[in-house]
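Both complexes shown next keep subunit A, but they swap its partner, so subunit B is in the first and subunit C is in the second.
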Partner chain A sequence: MDLTNGFAFTCPFKTNSGNKALENLPVELAGLNAFKPLIITSRPLAGCRAISTLKNAFGDSGMTLGIFDGVTETADLSVVEQIRDIFVKGQYDSIIALGGGVVVDVAKIVNLAVSQKVADARQLSPATAIRDPLGPFIVIPTAAATGMETSKYAFLQGKSFVSVHLMPDLVILDPRLTRAKDGKAVAEAGFAAFGRILEADIAPDRNPLMHAYAFTALRFLRENLADAVNKRCNKKASLAVANAVAMSGCVISNTDQNVLHRLGQVFQKIVHVHPGMIIGMCLHPFLDDCMKKDSSLIASLLLPLGGDDKYAAMPEAGRAGEALRDIYEFSYEIYRSLKGKIPRTITEAGIQQYLMNDVMDIINQEPDGAYLRTMIDRVGGGSIKA
Partner chain B sequence: MILPDYYEFCCRVKIVAGHDALEKIPALLAEMGSKKPLIITDKGVAAAGLVDIVVNALKDGVTIGGIADNVPPDSDLKVVNQLAGLYRDNACDAIIAVGGGSVMDTAKGVNIVVSENATDLMAFSGAGALNRRLKPLVAIPTTAGTGSEVTLVAVIKDHEKHQKMLFTSYVLLPNVSILDSRMTMTMPPFITAMTGMDALSHAVEGYYCLQKNPLSDAHSLAAVNMIHQYLSTVTQNPSDKEGRLAMAVGACLAGISFSNSMVGIVHNLGHATGAVCGVPHGICMAVLLPYGLEYNMHKCGDTIAELLLPMAGEEVYRTTPKAERADKVVSLIRQMNQDLNAITGGRHARYFSEVKDRDGKQMVPRDVLPAIAKAALLDGATIYNPEDQDYEENLLVLEAAWEGKPLDRSKIKKG
Partner chain C sequence: MGGLIIMKEVHAGGKLLKKVYVAIFLWFTGRAIQATAKVDKEVKKEFDALPDDFTFALGCLPNGPWMVVGKEKGKVKYFGGDLNSRKIHLRLVIKNIEAAFLILSFQESTALATTRNRLMTDGEVPYALSVIRILDIVEVYLLPKIIASLAVKRYPSWWSFGRKLAGRIGVYTRTLLGI
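Moving on to the complex of A and B:
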């Protein structure tokens, strides 16, 4: 790894993962000087069972909890303002977000609002300066996690907030909460994490600290994603995938290499599909392009994906090809087992023309818009446009 | 990759590395709302010209609130209080610690006093007593070894009351650690060798101790790779900039690993040897590391074998039969000590019998080994070692490490 140009890396969150991880919450909160948390969640999105599991974890700790469980897919800054008001009036001192996606986006922006003591959260905008650390913030992802929960990003109704201070202090991965109802959700989260991490880890400017997270997450996904998709009773596989998804938030917050990530985000914003669906589609053409640019970086993927023995046994010249083969087999197995539940092309996804036009309008504004267009064309987007 | 039933991992420190990383400090301080840092260091670091490099890099970016270079080799409560006074008198708003373990400990102690407005530091000792954010702390390590730039503990001694206070809290983690190749460039070969072996012992013990987890493992593997690749070359060529930076990053990775997975017998016996005989910590680590691996081999040989690939590369890994890979790791570490011994003209000790003080006097006479074995029973590092230890076993390891003979593994009581 070339260190000549230097690097910076940060991962502000602690990870607690495994059996009864939730039960440590009172101690963890005390360590953050917090004693009265407000839980932000969604009954339909996180599920009543998850909410009661979390409540029960506080047992006889004597802590006073508040719960706002009304976050919806269409939440906006007025919901943030509603929760801010509850937080202030209830004199809460910390936030626990239970769920994935929009639930955590809302919680991040509530944390910004209460920490910076804004009078009305509806006035917050992406231009709001976030200089100081925010208040204690814990994220407990469920199977609905997209990987962005642990990142420095928060998106809400077209508004994008970015700051390392938005990242949680702690992420808790508890096997009681990370098992998905359907394989599709697991696969989408897994593909999103896989693509985002892989892109960062084959960039020429990758650094050893970020690589430690990337290595762990890629190996977890390679070894567990298929099982987590197909054998949903396998708690351990789901938990390993949830670990990798959480690590992807750290990786994406420490890289500028985000072609796949941005494509996923655009489609999520306009078409309301999971970013993992688009990242999964674009993985192959993206890797083909990387292979043409510098195959040695692809070759390095064989170690996390193939394991020590396979990596060491393969002559150097064959490693990049073997890594690609491994990724193709890995993703094919998941697509096949889902029997068409996740489309493999934009054509299969049936995205309508007017939405594709909106997608293209955004893509064209990107500095590398021309390249992103070719990517969309190669996964069937071109045929829709035609 | 094994996912433990339960694990915790945390390193909130921002790591900024490079050949010009020091120049980034003013901007990093500004991000934290600070513009008047107190620089804390020791006389050795200052005499080596390292503080001048730091001051020069900060130049117009910040107002330096003071430079205190009176940190003693052993942290001292009096100095902590005196520096806290300096911090307040000069209206400082951040701390920059430039140095090794005792400088970092002192800086953390000062930070507790000034942030908590503490009059009695003792009230904040132990675990769980500190839970509020402290003032911004920037750590600049001047050796590539201790990893104290990423650890959450501080030890402060009250020499008057003969008390040792231990502070443990995530808020003690520095906000930023700066790994700059210029900070280790002038380190003499002998010090480079022993501090580098200290870092290797963190990476290796972090990989086999009981609190290991997938993230600490990944940090260990990367650290082992960098340290094995660069330690001998930078000891041989001290001005190798790339090697110095790689060693600084490797030691940091190792520090992150062991502060999460903890350390075992190597540190346990090393702490005791340091306490009884005053042997520098890095030397103890270098000497004991192969023995720690041998001692734990029957419990975690497969785990140890996994270190071979990052250490020696694919050719050696492939040509070494699976059953011999763990032993190969041990022999490679012995070889590192051998190489470092040759490069330093014999100053880098391979065995305890070779450790000498400045006057050439043996520092670890054979007859003190029982005292070391006994002292080790009181050290907390045994808790995380895969195999249990008792007095006889401690002595067995120490005897072997004194003579420089491989450990007779048949004598270990297998628990």
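Moving on to the complex of A and C:
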């Protein structure tokens, strides 16, 4: 890290994590000068229990809340407009997004629409300038989180909005909401976070603040992901993974090194699979390439992943190899415990040829499309024939 | 799509039982602080070091309950639960009723609750530390060792048996009689 080059790092949100963290919501809202929040969620995606837990957390606050729980996987700007209308007519002053993925994307764009006082949210486009801070916005990720909830990105129906002002003011991680119904969802979220953070942390342009986030998140994942996948009642492990996933959104918002992230996003958009599935597949070929380019960056991963003792005991020359071995063991352990629930190659995933063609069309438009194509070929994408 | 969309407006409910528990606990502790200031030299010394008319409040957001304790003409008094009754120099605020219940039912010690971001201090920190030390001593007098160990950071095992016994009798008698 050469500090003389200068760097920038932005993390505008406060994190409130732990047992009964949700109950702090009324105080935190008051701190944001907000007293009538609109909760945006999805009953099928977040679950009735999560909604009820959130509602109970407001007990004794005397607040009035609006709950919109009709966001679906196929939500578009007309849903955003519908919620904007509710927000304005109900005179709400803040937005709480409960859930992950599309729920938070919708909430971010609603916040943009109501803060910029647009007459019709359907007119919003990625070209919309977002120059000023938006209204109070709180994200409460559940087990359905993908890691992008805390990022500066919002994707909706092929449109991509980017601004640091889209990031939340507050993120609340409560163990009552972070336990997943099945290990697959935890593993996918964990792989997505792991890949994004790892890529940012071995980039030549990483900075000390990003490294601090990456270090903590990588260690959280290394120590807790397997437990969170295997023992879903383990609150400590699932909360640690949720924290790492939330941190990954901040890290990805501060880096341009996002090969794995972009691959995950393309497959999510076209094939509708979790980005973590693709990131998990591409992790090994990506690391092999990085190892060939500069093994010293891989060597630095041994400290967060292997721990202090392992790092200290290993001579410098062997650290990169040991770090790679550790990552392979870690991912193998997760795949083995899921017994084939997450495919390891695109062939295993059974993605149709016509969808792969659409994926390739998008990838070919990327500046580094040739490299991305080789990556897909190496995880079985090239073997899919019509 | 219209059939799937659900919008409703709800009013936050109350947590009456927990609020009643916290109110009773604060009422009893307020009276016990008044009593302990007369029984225990250490607590008296702490109060003597605080300014005249110093008043502090302990309670929870957003709507209480509260406990207001302060000095009046050199004597320590419990002033009830009304924050407007006197000028408050220090407020120890528990962020919500759930956190208050966790702390006051001894599931979390004051120190642990502070690290978990459940408490806020509105006032001078040295005064807040004095009040915490006073509260710790009061809890040691009021509670059996097994429970007090959960409530305070370090149970004072170095106290003599006589101090504990005489102190407890004095504190409980004065608390119940309100003297």
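Things worth noting here:
We adopt the following convention: the second predicted complex is superposed on the first by the 384 of 386 C-alpha atoms of A that agree within 3 Å, B and C clash if a C-alpha of one lies under 4 Å from a C-alpha of the other, contacts with A are read in each partner's own complex, and residues count from 1 in each chain.
In the analysis below, a residue touches a chain if its C-beta (ideal position, glycine included) is under 8 Å from a C-beta of that chain, and two chains touch if they have at least 3 such contacts.
Computed from a predicted structure; not experimentally measured.
Of the two partner chains placed by the overlay, neither subunit B nor subunit C lies in contact with A:V271.
After overlaying the two complexes on the shared chain, residue contacts for A:Q82 are found with subunit C alone; subunit B is out of touch.
Applying the stated contact rule after C-alpha superposition, one finds that A:I67 touches subunit C and leaves subunit B untouched. In the superposition on chain A, A:G90 makes contact with subunit C only, while subunit B stays out of contact range.
Annotation for subunit A, partner touching more residues between subunit B and subunit C: B.
Of the two partner chains, subunit C is the only one that A:G59 touches; subunit B does not reach it.
With both structures placed on the common chain, the touch criterion links A:I362 to neither subunit B nor subunit C.
Contacts of A:R43 after superposition on the shared chain: subunit C is touched, whereas subunit B is not. Of the two partner chains, subunit C is the only one that A:E23 touches; subunit B does not reach it. 16, 18-20, 30 are the residues of subunit A that lie in the contact sets of both subunit B and subunit C, per the superposition on chain A.
Of all residues in subunit A, those touching subunit B in their complex are 3-21, 30-33, 131-133, 207-209, 211-213, 215-216, 219-220, 223, 236, 239-240, 243, 247, 308, 311-313. Across the complex, subunit C is touched by residues 16, 18-20, 23-24, 26-27, 30, 43, 55-70, 72, 79, 82, 86, 90 of subunit A. Across the interface of their complex, subunit A is touched by residues 1, 4-15, 19, 61-63, 95-99, 102, 116-117 of subunit C. Remark: subunit B residues 1, 3-21, 24, 31, 33, 128, 131-133, 169-170, 214-215, 217-219, 221-222, 226, 242, 245-246, 249, 252-253, 306, 309, 314, 317-318 touch subunit A in the complex.
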